[in-house]
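Look at the two complexes coming up: chain A is in both, with chain B in one and chain C in the other.
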Partner chain A sequence: MSLDIKLLKKESLEQWFGKISASGRRILAPVERGGKVLFEEVSSPAEMAGDYIQTTLSAKSAVFPRCEELFGYALEGKEVKLEERKKEPQPTVVFGCRPCDAASFAILNSVFSWDCPDELFKQRLDKTAVVSISCKKSDQYCFCASVGGGPGDTKGSDVLLTELGSGDYLAEVITDKGKKLVALAPELFGAAPAEDKAKNLAKVPKEFDLKALSEKLGRLFDNNEFWLEQSLGCLGCGACAFACPACVCFDLQDEGNKKGGRRLRCWDSCGFALFTLHASGHNPRPAQSQRWRQRVMHKFGYLPDRLNYLGCVGCGRCSRLCPADMNLLEHLKEIMNRD
Partner chain B sequence: MMDELRKKAKELLLAGAVKVVIGYGKGSGKKARPLFARRPEQADKLIFDGSCQQNLAVYLTKPELKALGRPAIVAALPAMRAILQLAMENQVAEGLLVVIGLSPEGKLIELPDFKAMEDYLAGAALELTAEQKAKLEKIEKMSPEERRQYWQDQFAKCIKCYACRAACPMCYCASCLVECNQPQWVPAPSHAIGNLQWHVIRAMHLAGRCVDCGDCERACPAGIPLSLLNQKLAAEVFKNFKARAGLSAKQEYALGVFKPEDKENFIK
Partner chain C sequence: MENIYKPYLMRIEKVTEEAPGVLTFKLVFVDENEGRQFEFKAGQFGLYSVFGEGESTFCIASSPTRKGFIECTFRQIGRVTSALARCEEGDTIGFRGPYGNVFPIEDWKGKNLLFIAGGIALPPLRCVIWNALDTRENFKDVTIIYGARAVADLVYKRELEEWGKRPDLKLITTVDPGGETPDWKGQVGFVPTVLEKAAPASENTIALVCGPPIMIKLTLPVLAKLGFTPENIFSTLENRMKCGIGKCGRCNVGKLFVCKDGPVFTLAQLNSMPPEY
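Showing the complex of A and B:
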């Protein structure tokens, strides 16, 4: 796949949206809702939130909805009849997510296609194209550069737009999916100017070395006092996990009666006490400190070890919205400061 | 004024009167975050200013904090109310904690016992602000259909992360009703009916118990105006039973007692 660089005029965005919608694709883009910025279906760029560093919640629900029906079942006498609920997902364009979010889809995929490929997820992912927008601004919560990304990183994007000084976009067409989107309105994409992309990107410093972090984590597992100190503020909600573009854990719920019902898959969080509660009543992670340790270890230890993917893209959402101001970057830096 | 607070906290820790001081420290950017001072020198990091909004009483019932030993807690008005309400519900007991009271300006208030806290709160302004009242009135003026649509739109945003519950000092149940699955009283998924049931049940469970700290709404990542529900129900309880949450450690729970003179005109 050769990288194709074009110029997309600011005023052409509206027409491109029109062509994308007319092709039967739904467009999910950041929209402002009561002080929060959330991904919602839009038909015009005018509906998009103006000035956001990061959306409050990620775009993962495009491929991994917070609640979805897996199958239905009916009980007829002693027979159980399964009813498939597979339906062709609507082709979707996630528009205006940040490069960190674009990179997160591969992490979700690494888990969902690991030992038992998840058909529902895969269908959605196949039908989803990602048009991300580089970051002009970052804040103290961002740390993409420390976890293998960057404010203009192309990983995971099908098209990456970078806003130039003029307000027009430099469009990097990265994959075949991206090419197809551009081919919907090739007349809108002109020759790329010579302007330096890097000049139009936020400066996100590299705060720690991943290899060193992984080594420190390995030695910290048994340091109960450390994890207690780190997690005393944690309230045990699921806001961090649910806002996280890379958190993939889910819970299965059956809803039904004597005649039948349905099985649902819902987001879950390792921060909940219920997450590891056994039917016997035993809980292998009875304290919040162990649950916080699990969250950090899973992202920066277990996932890289097992699937070669880091479970974090440095988007900073968890820290921005934590009601107790648990700041992940600070916690990681404290781990780095340990001997 | 911050020096007074730090001095007091340090004295308590040095004397071994408490094992931990639950207060505020500097957080990310302009935010404050909970600070748990377990050694005297950690008390130097305590702060109190306009950024200190979280109701720290939420930590009094967390098992991890209880395990540390006798706590002192930095308490502005909402935390004081929460402590009295928790005492009324037998979740905290006089003598087993030290309350470091702070006025809105950050001045230390001597609160040697719950009676002193009750006296302080008796003179505190508990009315909703004009802005809060206006928001509530806007909802009340809606037709039932409009109001239903309004809340359906709000609840549609809920992702069931339970940050509202986790941040709430009155949501201390070790096992919440929504976690009971034999039988499953409340649907766990965050679909329309699951979200509606969760928020209605939570609001009802807090009716007459909510101390209006606003932490549920501040914690909500989806921006659902949860305080409106709680404020409305608090107003109803006050109107019908002249009772307000968190003003006394001994008052009766309006929705938990029967009195022969209770109105029955709601039965139709």
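Showing the complex of A and C:
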């Protein structure tokens, strides 16, 4: 697909939003809520949060809701009736997520689509377009450049906007979905600006080599002391998993009574002690250190091995939100420094 | 749209109490068409659900050679199994499956089969046992060594009686010392000890071992002593699962999913896996 570069004036955003909304698409964009920046439905760019490095939670819930009904059931005597979701998900534009979040959708998709494709997920993903905004700033928690991304990386975005010195946007139209969004208001998109994209991007250094990391991990599994040391602070609260744009692990739960109810798929975390607990009381990962190891191994070892995707985009949310101040980047660097 | 989480509706045709707290359900498809199309192989498992309570994972304990129904055997222990135990004949439950890999029975033609099971772990092997007995001409000697803590804890008692009478099958039952009753005619002793005494030939033999971890741990050295190689010893793993189809992220042992790469593993495979089960 040929990359199409355009100029989008800052003041044209409002009109573009209007056209997108008028087309029946809902727009999810970062909004400031009590000191947090969260994705919510908006109708105007004026509602969007202004100055933030990263949203508090990721845009994951647009395609993988925190809690989703898989089907409903109704009981009548000994008969059971199952009711499937009839309404198709509403077409959605995730607007203003960072390139790291845009890249995370493919990771979620790799898990949901392998072997036994999950149509509930695919329906949402197919109806979701991503207009991301490049990062002008980063902080000490960001490490996208170390995991194959970058502050202006186009992977996963349908349109990528980069704010130029003037406040206008350089718009890279990357996919057919992106072209369709631009086609809603082609008059708003002018000729490519002369200004260089790269000079308007944050500088995120590459901190480690992925191949070397994977080799180190392969040898570290049995080093219990190492994992214990790394995880000493871990409270097992699961904040990292809930904030992570690439964490897929979920629970299936029933909600209802003897007359009717529904089966739900809800986010879960490998950091919880109950996650792997058998009914017998046996737990294959009884210690927090083993659960921490699972988290790191799953993202940087198992997923790349199995599905060719790294389970991390370097957004840094897990570290920003950790109540015990655990820092994933520091932990990965520590792994790299092991002989 | 195909909803991979939507279960088949199954009617409980028969409930059998196998041992204290252990029940077998015979299940038939509410939709006969689904039942006709349903196929599975020995070793596979499914997720059984009581609506409003949730799903629980067990093997399919009946043989694929017996069509028109499936059976599962479970111990009442958690929320879902307790809800299942409250079900009556005629009730409707959910079933998703068949999932997971299979015992490579077709590769075992012309070989001897040695089944070693302990307690509630006979169900995953019962599926293979009946499959082998229903295609008996494909195999040479068939031996079953089955033990439980006490006589009452032996499951499939009527089938044990039936197997004991068959001339084409050697059945050894045993109970732990102290678990025998006055009229107990089987052996008294732990499974590994009984296995060592019976000393079945390892040549051209496949061993299938399922049981509590301690039984497996002590049985494997005996099998090695008898000359079984890790490639010819099979077992099944069970880890907690939610989806059964490689997505929910909890049954993995290292990078392997019990639900996709298992539940059937050879000892050679288990030896190369981290102890996360």
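By our rule, the second predicted complex is superposed on the first by the 338 of 339 C-alpha atoms of A that agree within 3 Å, B and C clash if a C-alpha of one lies under 4 Å from a C-alpha of the other, contacts with A are read in each partner's own complex, and residues count from 1 in each chain.
Please note the rule applied: a residue touches a chain if its C-beta (ideal position, glycine included) is under 8 Å from a C-beta of that chain, and two chains touch if they have at least 3 such contacts.
Keep in mind it's a predicted model, so treat the numbers as computed, not measured.
**Q** Quick one: on chain A, after the overlay, do chain B and chain C clash, or do they fit? Just give me the call.
**A** Pair status: fit.
**Q** Let me test your reading of the model: by the given contact rule, A:Ala287 touches which partner, first (chain B), second (chain C), both or neither?
**A** It touches chain B, and chain C stays clear.
**Q** One more residue to check, A:Glu215. First (chain B), second (chain C), both or neither?
**A** neither
**Q** Report for A:Arg306: first if it touches chain B alone, second if chain C alone, otherwise both or neither.
**A** It touches chain C, and chain B stays clear.
**Q** Going by the contact rule set out at the top, does A:Trp267 touch chain B (first), chain C (second), both, or neither?
**A** first
**Q** Would you check which partner chain A:Asp118 touches, where first means chain B only, second means chain C only, and both and neither mean what they say?
**A** Second partner only, chain C.
**Q** Touch check for A:Glu84: first (chain B), second (chain C), both, or neither?
**A** second
**Q** Which of the two partners, first being chain B and second being chain C, lies in contact with A:Asp251: first, second, both, or neither?
**A** both
**Q** A:Gly34 in the overlay: touching chain B, chain C, both, or neither? Say first, second, both or neither.
**A** In the superposition, A:Gly34 contacts chain B only.
**Q** Please compute the chain B to chain A to chain C angle from C-alpha centroids in the superposed arrangement, rounded to the nearest 10 degrees.
**A** After fitting both complexes on chain A, the angle is 80 degrees.
**Q** Now for A:Asp126: first (chain B), second (chain C), both, or neither, which partner does it touch?
**A** So A:Asp126 meets neither chain B nor chain C here.
**Q** On the overlay, how many Å separate the closest CA atoms of chain B and chain C?
**A** Superposed model gives a least chain B-chain C C-alpha distance of 5 Å.
**Q** Which chain A residues lie in the overlap of the chain B contact set and the chain C contact set?
**A** The answer is residues 251, 253 of chain A.
**Q** Please name which positions on chain A make contact with chain B in the complex.
**A** Residues 33-36, 38, 56-57, 66-67, 139-141, 228, 231-233, 235-239, 241-243, 251, 253, 255, 264, 266-267, 269, 272, 274, 287-289, 319, 321, 323-327, 330.
**Q** Spell out the part of chain B that touches chain A in their complex, as residue ranges.
**A** Contacts found on chain B: 27-29, 31-34, 36, 54, 58-59, 62-65, 157, 159-163, 165-167, 179, 184, 187-191, 194, 215, 218-219, 221-223, 225.
**Q** Provide the residue numbers of chain A that touch chain C in the complex, in ascending order.
**A** Those in contact with chain C are residues 70-71, 73, 75, 78-80, 82, 84-85, 111-112, 114-120, 123, 221-222, 248-254, 256-258, 261, 263, 265, 268, 270, 275-280, 284-285, 290, 294, 297-298, 301-302, 305-306.
**Q** What does chain C use to touch chain A in their complex?
**A** It comes out as residues 1-7, 9, 11, 30, 49, 51-56, 77-78, 81, 90-92, 94, 238-240, 242-243, 245-250, 252-255, 260, 274, 276-277.
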